[in-house]
Amino acid sequence: MRLFRRVIPHPILTLLLTLTWVLLASSWTLNSLVFGFLLGLVIPFLTQPYWPEQARMKKPHKIAAYILIVLWDIVMANITVARIVLFKPNSRRQPRWVTVPLDLKTPEAITALAGTITMTPGTVSADLSAEGHALLVHCLDAEDPEAVRDEIKQRYERRLMEIFE
Amino acid sequence: MSLFLIAALPFLGAVFPALLIRAGRNASASAAGLTTFLAFTGLMLHIPAVFNGEVVQARFDWLPGLGLNANFFLDGLGFLFATLILGIGLLIILYARFYLSREDPMGQFYTYLLLFQGAMVGIVLSDNILLLLVFWELTSLSSFLLIGYWKHLPEGRQGARMALAVTGSGGLAMIAGMLILGHIVGSYDLSVILQNKDLIQASPLYLPALILILLGCFTKSAQFPFHFWLPHAMAAPTPVSAYLHSATMVKAGLFLMARLWPVLAGTPEWFYIVATTGLITMLLGAVIALFKDDLKALLAFSTVSHLGLITMLLGFGTKIAAVAAVFHIINHATFKAALFMSAGIVDHEAHTRDIKRLGGLRHLMPVTFTIVLVASLSMAGIPPFNGFLSKEMMLEETVHTLWGGSHYLVPGLALIAALFSAAYSFRFIVHVFLGPKRSDYPAQPHDPGPGMWLGPAFLITLVILIGLFSAKLAGPMVAVAAGAVTGGNDLPYYSLKLWHGLTPALYMSIAAVLGGALLLKLHRPLQAAWEAAPRPEAKAIFDRLMHGLTKLAQLITDGLHNGAITRYAFVMMLFIIGISYYAYQGGTLAAATREVQNVGPIPLIAWFCLVIATGAVVAKHRQRQLSLVLIGVVGLVVSMGFNYLSAPDLALTQLSVEVVTMVLLLLALNFMPKESPIKAPNWVRARDGAIAVIGGLGASALIYALMLRDFAMPSISEYHLANSYKGGGGTNVVNVILVDFRGYDTFGEIIVLGIAALVIFALTEAVLGTRVRAYLLNRKPDMPQAGDAHPMMMVVATRVMMPLALMVAAYIFFRGHNLPGGGFIAGLIAAIALLMQYMASGFTWASERQRVFYHGIIGSGVLIAAATGLGAWFNDMPFLTSDYGYLYWPPLEKFEWATAALFDLGVFLAVVGAVLLALESLARFAWQPGMSTEHAMDINPARDDAPQQNSDEV
Amino acid sequence: MITEYLIAGFLIMAGIFGFVGSFGLIKLNDPMSRLHAPTKATTLGVGGVLLASMVHGIAVEGHLSLHEVMITLFLFLTAPVTALFIAKVHLHRHETLKSLPPAGEDGIWATHDVEPEGEEEKQSSA
Amino acid sequence: MNHFLIAPVVLPALVAPFIIMVVRHHLDLTRIFSLACSVVLVAVSLVQAAQAADGSVQVYELGAWPAPFGIVLVLDRLSALMVLLTSVLALVVNLYVVGSGWDKRGANFHALFQFQLMGIQGAFLTGDAFNLFVFFEVLLIASYGLMIHAGGTRRFQAGVQYVVYNLLGSTLFLFALGTLYSVTGTLNMADLAVRVAELPAEDTALLRVGAVMLLLVFAIKAAVIPLHFWLPASYANAPLPIAALFAIMTKVGAYAILRMYTLVFGPDLAITAGLSGAWLLPAALVTLGIGAIGILGSYRIGRLVAFGAITSMGTLLTAIALFTPEGTSAALYYLLHSTLATAFLFLVVDLVSERQGIEIVAKKPMPQSGLIASLFFAGAIAMAGMPPLSGFLGKLLVLDAARESSHAWWIWTVVLLGSLVSILGLARAGSLLFWKSHAMAAEGSDDASQGGEQRSQEDLAEDAARNRAALPFVACFALLAGLVLLTAFAGPATKYAAATAEQLYDPQIYIDAVLGGASK
Amino acid sequence: MITYAALFAFVCFALAVLMNLWKILSAEEIADRILALDSMFINALALMVLYGLALGTEIFFEAALIIAMLGFVSTVAYARFILRGNIIE
Amino acid sequence: MELLVASAVGVLTAAGIYLILRRQTFPVILGLSLLTYGVNIFLFATGRLAVNAPPILNKYEEIAYTDPLPQALVLTAIVISFGMTAVVVMIALAAYLSSRDDRIDMPDHPEDEGENA
């Protein structure tokens, strides 16, 4: 195992990069895999100094579920937002700021949460608090900011917590 | 002795004093004297030949392509002048050794003097008019140095520049004249030219050539109206005046007139120009000389007058006049050099040359007095001295000369001149040496040591001897010299003797002497009248002219080159457009051969975006950040356009270059004003707008016309398409062109990038090495700053992206040979991936993590590219010859490899290094002490748990 | 046939959301709200096109092209960063501590967390 | 395959990155490598000149791609001459720079210097029009770096102008190349010549535009009026030894004009008739005049020499614009002379400015005043075209070559008057700098500190050390020796020039060599 | 059918680009201009992929990939410029 | 299509020229950028325009390719002009920082006229 660690210090990244190569090359050949793998070994070595305190995921397998949920939310929210943008007069729309207190600690997790919020239409992560314990979210049209905050915490933060911390 | 050696010896002699500067005054004087003596001896060895009427020659083809040959010949005329130059030169060298003071740099003096001597010898020995020109100009230069020898005297500096200006311009005119002369004859060799009188005088170019050559002669010989420089040259040390300005250099013009006399003289043009100029000069010089109180000025104007005399004689165009001219040249050289040296002695001893402050010196300086007495009487034309003889001949000739139908004009004026000449000669004797001894000399005068008076004493001996035994002593010399001047041995009868009977000339001589005495008697009232009379002061005019010229030059130069690049660029645009239009309308344009292609709506919209954004950049260019945003639109449209029009490689390059450029511009803009406040006046903007529109229309029309026409011949790119795969091993033809067909261009291109980075680095060092650094360190942001310099999301996102981006870079790199991509784009992507780290986590944090120096990356990139190119040499193939093939390692499939990829790797590295070095250098400007942080992101709650080491949070 | 419908559906969806995104940019009347609009274009707008393209690649041209996945991945990584920065520009220029909701225990939002003038001096002189 | 041919390009291209990678922080090593490279370059270019002397045209096909499809290097008499001149000049300037310590005053000097050489040599050797552009850019960008070497406000300001103006030139170059490619379908210069000659006579307008734009590009480089405006400020504000090296840069423009307008758009070509002669000659004459006036009207020594450079370009281009073998032959001789003379005077003027500042005003006498004055005098003689140095011969050659021209009178008048004005200007400057300073010394006035930069004690100590250095004088004397040799061996030199001109006006040899005789 | 759908998408994205342009020119806030430019990049990306789809070629993909990957860098740079003045600190 | 490209070249060139004639360094740099776009498109268009005919060789079928050579030239030109832009920006910045003035004109008035005659 130690040998494995020494040769492949970033197994997930290496795997991801190998996959990336294959995706990019659109070729599922042995050559491609080998080559992608080699690059997957070299590149993390090169970039390692720039990502010193790399977070270790606790339950990486839960990522897939999370992604699916988010994708689904994106589709649904898009439709809502499209309706707001196209048909709802500005005067009846209720833009709101929402403060989301954070339980997440690791930068990667917080970033994932903020990204998720932004990518789901209707909400945008606008800022972190000075010490990183709260997230400022803007809602395009929210009658009940509390509900938005709770949904974020329930639906996304909890899951990210599982994955990362 | 070879003529080459005679001509070269003075120049060799010039070297020694320069080298012997430290060896002392005697050493340099001896060296100068010795070489001159050697040359003189060498010259004398040719006496038998010359007096036999032979012409001694030495020939060397120096610049045959031009007809400039180092050909020398020695005939009577040359011999006469060379003898004067070297002989008097020896005397001057001796004289100067004692004349110059201890403070004067002796070596320098002799160097200049011998340079001059060499140039003069060169002139008189040249058998090639271009060679003669070389020496001619050299005399101007060396005399410039000699006149300005006393650098601390403003008169010296100004006199030197005046002499150079006048004689220099004459010399330049003469160049043209000589070239024309050579053109008429078809050769620049004097011996050839002198055989072609009829050809020359029949040529329509005769007159221009004559005028131009005479300009040279007149300026050099101080003929009216160019005479004014000579008196000002008297600021030179007296040996110089004696040598250059009486005996030799001023005679160069006379020499040349004499030299070319056989082919130029004898025409009415010659007569009227030369004789008239001479006559006026003679008269004017004599008159002015009488009223000069400075001894040297008196002598200078007297020299002007005598030069005029000789010029006039040459101008008469008759052989007998030429004989007289030659004779007077000899005589004048002897008595005038003696007089100059004497004046120098007076100056040296009494510390003044002002006649008004002198008088009664005959008791104090008997030797000098004797010398001056004899020489002055000779100059006045008193028998039995030599001056009398030649002046008599001159007067005789004037009597026979008809000017514009008048018998009396020339002799009349000549008589007046002779009268004044006698008067100033007497004045030198009477006002300086006669009269009562004075008590107020600036220094107590007495005769100097023999070193100073031996020379002039020798000369007055000649004056007397030639006067008494003219036929014996001077006769042969005059005969051969005059024979050379008149171009043959058939000289008319003349006799050199004191008594010719009661001729008109004798009466005129008597009248001149008596009148001269009378004038001297009347000197005081005359001087008063002279000084009261308004007359143009040549120096003032010249100074004004030069000053005006300099001012004008400064005005023109500053006016044209005022540092306004806006105007330079405007002129450039105007010129380019004008000339291009001129070229266009001079040709014909055939009908278009291609159809216009249809346009879909999307390209139309893209075009619309481009045009609007471009217009907006122009309209809003004063808001700088907005302009950058708008440029971003332009860049996007251009990239999309490339992509749409089948140029994916270009699109990729443009896109990535765009990003880097934008970062760069923003980095720079941070330090610069955010607005451009200066607003040009409306008319300027209208003018600029007009030229811009015309330029734009021109470019449009040109490319439109080109696009609608087919190549007359197939493009070479057909070969590239056909051979890209076969010969280059790649299917992306653009890439194969870049790394293979035209890899050399790419090699140059990466070097351009590398250099750019080096320049930027060097510049950063230079700027940060100055007080600018202090300014930057204390600089306050000019806009309010937000908190959170390194936002967490940015940091995390870029961390995730970096390996992915590098992967993409690798992908783009490896596929480049076959599909869009390649080393350059890959390099940019990699660079941007790193750049993101800089932007996200800050300069200090990121550069601490940079383990390889960018200089090294650039260098290795260039070296790898070069080494790949050089690798071909081992196969004895040219630089950058590529190779490709396949590798097969089971169980893998075969790998394709190409050396071009290695070359591309060089490109990749150079790009990465260059981009990052440039950006890093720029970022260094912004570095301030408070900025360093050990953390990549300002906010990180994960640090809450970690033990607090250093709360450096901003 | 189904794939054709699928592709067409994706394309139409993409068109609608792409349009809505940029339309919102014009229509919405407050700057923060306008920031929401382009997220649509990035997600379902481009996403639709990419999906269509991917399906088209598989169905019509018969090979699996996964570039689209990479593009999506990058968009999802970068778009939130873009949005965050633009939001911060807005906060910086138009919002104050008062106009925003409280920032919880930290008291202030990061964008407004600027050290006072004097402190900087101290640091640089230290 | 004569790999020697590319050595003048590859050698500096290898040495420069080596310097920045390996010995960047060791000044002595950097100098050794840089100087060694310069010496080897001289040797290489001597061999090349010898090879080209027999009149053969050697071709080096890069990447083994046949012309016109790949890029070729071509060595004929002209390019060999230019390469040799560049190498010699570079060696001398390098010696001077090392000796005077100029290279220490900023970063990356020697790397940029070598890259600059690479660019210049590449431009002289290439046989491809676009590649010429690339090497123009290489030499330009290196020159930007060298121009602002050691920094300073005025230098930066002048640098901006220099770069901007040249970027406009580069843009025009691309317009020209695009047009030519679009019309002819080729970039190889020999191939261009063949294709242009065969172009249908009824479709000439576009080619003419391309041709003339190209000429204008080169005219910018050659500082032809009214495209010369970049030069005075750039040269005068550059470090003066660099300005000395730049003496060759204007010649690149002259070279390119000569090359393209004898090979591709030759004087007999009907299509482009009247394009080059019509305005180039008058423009060259005006250039000469403005340059001469500038010499007289300059307040600073660097600027004075810069205008001297413009004057000499005017003379040179006058000779080139005759487009006759005699004119070209004269031009080539004058080119050799004026490059050395301009560089020489720039170096001398640097000696002066290092000691007493840049203004042309009388100050206290400087150290080594006598020696420097002599050098200045020699430089002025060379610059003004006075005997005994080669300038006079060059001027005579130019005037002689102009005899048959219908503009002979104009040419003679301007050249001679230009000389006069130059002489006046140089005499004025010399008299102020070297003679009047003695008067100042005598009067004991003290204004030496005026005009120059304020200097600390250390600087002064360094100055003193620098003043004792012999190497700068060696460099000056080397250039002077070059001028003397050029004078003494004017016969052989003009013979080579005449042979070069003859080769240029018989472009078929060049074309056959490049295209393998296939064009016949 | 795909053709029509593609045409529809083309029209939508083309209009979107025009609206972006309008916003870039007319916005009062620099933040809006940056946002509009960013949207324009995204819409251009979509247009390119659409073209690739319509023409059945893959050569448009790389440009799309580059935009997706690098487009945000200039947007961030613009924004950072306003926020901090210095974009690398 | 040709007209669009040609007019784009013209517009970019005209805008570039206009901005280059401004009096401060920054607009001049903007002008150079626009001019660079203009000339790059010009050079590109000398290979004539073609849609969907990139010069990527297809091993399987005979198809039309656009002229690859101008593309290669433009690529080189883009890279070079990038380097040039970087340098000119830096020198302009250095000039500005040294003099705190970003006017591009450089008035050159002598402090001392010296001896004239």
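Note that the chains take the letters A, B, C, D, E and F in the order they are written out, and that residue 1 is the start of every chain.
The rule is simple: a residue touches a chain if its C-beta (ideal position, glycine included) is under 8 Å from a C-beta of that chain, and two chains touch if they have at least 3 such contacts.
Keep in mind the model is a prediction, meaning the values are calculated, not measured.
**Student:** Going only through chains that touch each other, what is the minimum step count from subunit C to subunit D?
**Tutor:** Shortest path length, in steps: 2.
**Student:** From subunit B, which chain is the farthest off, judged by mean CA positions?
**Tutor:** Ranked by distance of C-alpha centres from subunit B, the top chain is A.
**Student:** Tell me which chain's centre, taken as the mean of its C-alpha atoms, is farthest from subunit D.
**Tutor:** A
**Student:** So which has more C-beta pairs touching, A-C or B-D?
**Tutor:** B-D
**Student:** So which chain ends up in the middle if you average the CA atoms?
**Tutor:** Chain nearest the centroid of all protein C-alpha atoms: D.
**Student:** How many Å are there between the centre of subunit A and the centre of subunit F, using C-alpha atoms for each centre?
**Tutor:** Those two chain centres are 41 Å apart.
**Student:** Cα centroid separation between subunit B and subunit E, in whole Å?
**Tutor:** Computed from C-alpha means, the inter-chain centre distance equals 59 Å.
**Student:** Can you give the whole-Å distance between the Cα centres of subunit E and subunit F?
**Tutor:** 24
**Student:** Distance between subunit C and subunit E based on Cα centroids, please, to the nearest Å.
**Tutor:** Between these chains, centre-to-centre, one finds 12 Å.
**Student:** At least two partner chains per residue is the criterion; list those residues in subunit D.
**Tutor:** 130, 134, 137, 141, 144-145, 148, 151-152, 161, 164, 168, 175, 178-179, 181-182, 187, 233, 299, 428, 436 - these are the residues of subunit D that touch more than one other chain.
**Student:** Quick one: which residues in subunit F touch 2 or more of the other chains?
**Tutor:** 20, 25, 40, 42, 45-47, 51-52, 54, 56, 69, 76, 80, 83-84, 87, 91-92, 94, 98, 104, 106, 108, 113, 116
**Student:** Mark out which residues of subunit B touch at least two other chains, giving numbers and ranges.
**Tutor:** 546, 550, 554, 558, 561, 563, 565, 569, 628, 644, 646, 648, 669, 699, 702-703, 706-707, 715-717, 720, 741-742, 745, 749, 752, 755-756, 759, 763, 766-767, 770, 785-788, 791, 793-794, 797, 801, 804, 808, 819-820, 922, 939 - these are the residues of subunit B that touch more than one other chain.
**Student:** What's the complete list of touching chain pairs for this entry?
**Tutor:** Pairs flagged as touching, ordered by label: A-B, A-C, B-C, B-D, B-E, B-F, C-E, D-F, E-F.
**Student:** Mind listing the subunit B positions that touch subunit E in their complex?
**Tutor:** 601-602, 605-606, 608-609, 612-613, 616, 625-626, 628-630, 632-633, 636, 639-640, 643-644, 646, 648, 651-652, 655-656, 658-659, 662-663, 666-667, 669-670, 781-783, 785-786, 789, 794, 801, 804-805, 808, 812, 819-821, 825, 829, 832, 835-836, 838-839, 842-843, 919, 922-923, 926-927, 931
**Student:** Subunit B touches which residues of subunit C in the complex?
**Tutor:** 70, 73-74, 77-78, 80-81, 84-85, 88, 91-92, 110-115, 120, 123-124
**Student:** Where on subunit B does subunit A make contact in their complex?
**Tutor:** 787-788, 791-793, 795-797, 799, 802-804, 806-808, 810-811, 815, 837, 841, 846, 849, 851, 891-893, 895, 936-937, 939-942, 944-945
**Student:** Residue numbers of subunit F touching subunit B in their complex, please.
**Tutor:** The contact residues of subunit F facing subunit B are 1-27, 29-30, 33-34, 37-38, 40-42, 44-59, 65-69, 71-72, 74-76, 78-80, 82-87, 89-94, 96-98, 102-109, 113, 116-117.
**Student:** Would you pull the subunit A residues touching subunit C in the complex into a rising list?
**Tutor:** These residues of subunit A touch subunit C: 20, 22-24, 26, 74-75, 78, 81-82, 85-86, 90, 93, 95, 97-99, 101, 111, 114-115, 117-119, 121-134, 136, 138, 140.
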